[in-house]
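Chain naming follows the written order as A, B, C and D, and within any one chain the residues start at number 1.
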């Protein structure tokens, strides 16, 4: 056992949990929270893919021997920023929907059929 | 009905994919080709001590330009969607004296810290995005402490516009001088020094300003309710 | 990875799952938002353990900090309890 | 020297410039957007011309692929780039005379960036960069769809956002899988290494990518968002969805499934899902009472048809699919813009309210009929040739079941469009007169001219499609092009 199961397990649990929240909940803010959790899971999955046992952070100094993969880290940096952009975007639509319908429940919003 | 079938399908797919991730992407093993190159030659080629920064700003700098664009888009879209929103005004409570006094002293410190984070992006972990967000959080504190405090839209718009245009111009200079967009046209210097790594600190400073302005704008737009 | 770290990680992961369940069942949206923030914060510690300090800082500042702030502002504008 | 990066750089420059000056000088967004997109089109057209002789590759940051991100324009991407930028330009021309959505400056910033994202999707040669451009396009589309702030538009926007976010997360998982196996993100590099990786991983990645881009190219069952988005959005934005956003999604779907994941399963899946989308959407279009929603379903149906024909995978079929895609883009954009003019002038939405409009306003009626007849594949219009080549290429492969299903769907399509035309030309004294602004009409007239000229002489454009289908068919030339040189 080298700890990989823990990280992969956490990532998978977050992805599935996030999608379940997004799929089963009726409240728009809950759905967006679910999407957020799912994104965190995907990011964790990417970082775990790039880990190398015994590696150090990819910041170079004289004594480094083994370094973890920097590419997934760069990708996740981008993905995190994109995630917050999508969240902000979604919430601004939600604020508008609340203003129009006075409710966050997708069942109460007229015409909102899935 | 369709939705339920879809969800089940989605889970089957996800289960399969996660199973194959765990089974075939074994944990903790070196499986990279491109990354090898970055690790072995990254510091020499870019002059940045932090390889992640080198990847983010140079090797995959085009992604980062896109990332900045995504944030800009979100800020613009948020402004557009909340444009003209009027809510029933709630009671405006002035915050307590402790909060406002603390905010006055902490605000410059947070700004300083944010600046430090994005200026040292090529040496230490951090960089433009967290740096900019830290600066935005200083303004969040300000908004919380002084409910009537305003940052003018003009200043924010000017900062993000200028920083964005300068970023594009930096990229185009690389295209003109080295025939490749976002190429490093400045001397690389000695890795580990503050003034090194060519355009990396320059770009991170621009990103820091831009992200700071955009995120402050987002918070400001969301805060604007009672008027 | 040494076994002490693995135990530490297991505890963190358990907390994360707990927070996910809380986010799922709670009717109070503020609690749900805060648990999603907690998940981000724990994720950033995991990134640190996986030798990704850049990502950890970014996740802590953006995922845990800024996103939660935006959510709280929106909750103030809409409603706090799921009906 | 034309460089594909200029399209991205100029668009960003324009967008940031609007942000810079909008607090000081209001309402300049329209002009800047028009100029920026016009310049993009100029660069795109010269790139496309050049790529027919030799493909254009540009790499960023001064490092060769796979160490840096590269942009590729070869004939297949050139055709899509031309569609996207031309349609985008015509839409921006339309908005010169038509009021944009409020707040205007921000609206046009979003429009520029949306087109930039779509052209980025088409040009990029890097998998993760594709994800970034995908998100740029998607986020700007959510905003453009919901910017009208009416109930229907907000609803369309949030549905689109939720479904598309899940799709893009799945795409990211696929990237993680492929990166973990091949250690690279360059599309050509992955394609070259694909034969050596585990087959089941490749299959799962293929399915994930399929789901992610089915969302964007409006394929059943991932298109629940599309009718609402089309209906809620402004008419120019509905045109953008039909002509730009869905086309960019289609390009990514075809590029990735043909180059990256060339699996035997591919053609079956594309054909089955495509034809299902076609039939379901055409049947749903039949019962719509609102013009825009009817056009939306027809648009989804056409996307399904194009995907199914791509699925056949022979060169004549690819050619037919590209041709049909172009025709659909032209016709549907013209229709949406016409509907937009009607709504602006008269504020009517229902099918029955169009009674007699065509008889009263001959030009409007003529343009409507041209676009519809082209879509239906009436002889001597461009659409005739594409429909004909679809039938021929399907028949040649002996796919008679598919052929009969296509014909069934086409008959349904003919039925509801002819019904619409009958309503347009019905006798009705009360039909109102419509004032058509010349600038608004120019893009539609340009498209009508295209339909007729190509209809009379399809040889003008088919060599281009020929080259494009060869380019996508021979994936090894693409791989050699990017990592060999």
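FYI, a residue touches a chain if its C-beta (ideal position, glycine included) is under 8 Å from a C-beta of that chain, and two chains touch if they have at least 3 such contacts.
All values derive from a computational prediction rather than experimental measurement.
Two chain pairs, A-B and B-D, are weighed by contacting C-beta pairs, with B-D ahead. Here the spacing of subunit C and subunit D, counted between their Cα centres, is 38 Å.
Averaged Cα coordinates give subunit A a centre that lies 16 Å from the centre of subunit B.
Centre-to-centre spacing of subunit B and subunit D amounts to 31 Å, using the average Cα coordinate of each chain. Chain centres here are Cα averages; for subunit A and subunit C they lie 10 Å apart. Chain contacts: subunit D has residues 128, 132, 135, 139, 142-143, 146, 149, 166, 173, 176, 180, 185, 224 touching two or more partner chains. Residue positions of subunit B touching 2 or more other chains: 2-3, 10, 14, 18, 21, 25, 32, 34-35, 38, 50, 52, 56, 59-60, 63, 66-67, 70, 73-74, 77, 81, 87, 125, 127, 129, 218, 222.
Annotation for subunit A: residues touching 2 or more other chains are 2-3, 7, 15, 19, 45, 48-51, 53, 57-59, 71, 73, 75, 77-78, 80-82, 84-86, 88-89, 91, 93-96, 114. Pairs of chains in mutual contact: A-B, A-C, A-D, B-C, B-D. Within the complex, the subunit C residues that touch subunit A are 1, 5-6, 9-10, 13, 16-17, 20-21, 23-24, 29, 32-33, 36, 39-40, 43, 46-47, 50-55, 58-59, 62-63, 66-67, 70-71, 74-75, 77-79, 82-83. Across the complex, subunit C is touched by residues 50, 52-53, 56, 87, 117, 125-127, 129-130, 133-134, 136-137, 140, 215, 218-219, 222-223, 225 of subunit B. Residues of subunit B touching subunit A in their complex: 2-3, 7, 10-11, 14, 18, 21-22, 25-30, 32, 34-35, 38-39, 42-43, 49-52, 54-56, 59-60, 63-64, 66-67, 70-71, 73-75, 77-78, 81-82, 85, 87, 124-125, 127, 129, 191, 218, 222.
Every residue of subunit B that touches subunit D in the complex is listed here, in rising order: 2-3, 5-6, 10, 13-14, 16-18, 20-21, 24-25, 31-35, 37-38, 45, 58-63, 65-67, 69-70, 72-74, 76-77, 79-81, 83-84, 153-154, 157-158, 160-162, 164-165, 168, 171-172, 174-175, 178, 180-184. By the touch criterion given at the top, residues 52-58, 60-62, 65-66, 69-70, 73-74, 76-77 of subunit C touch subunit B in their complex.
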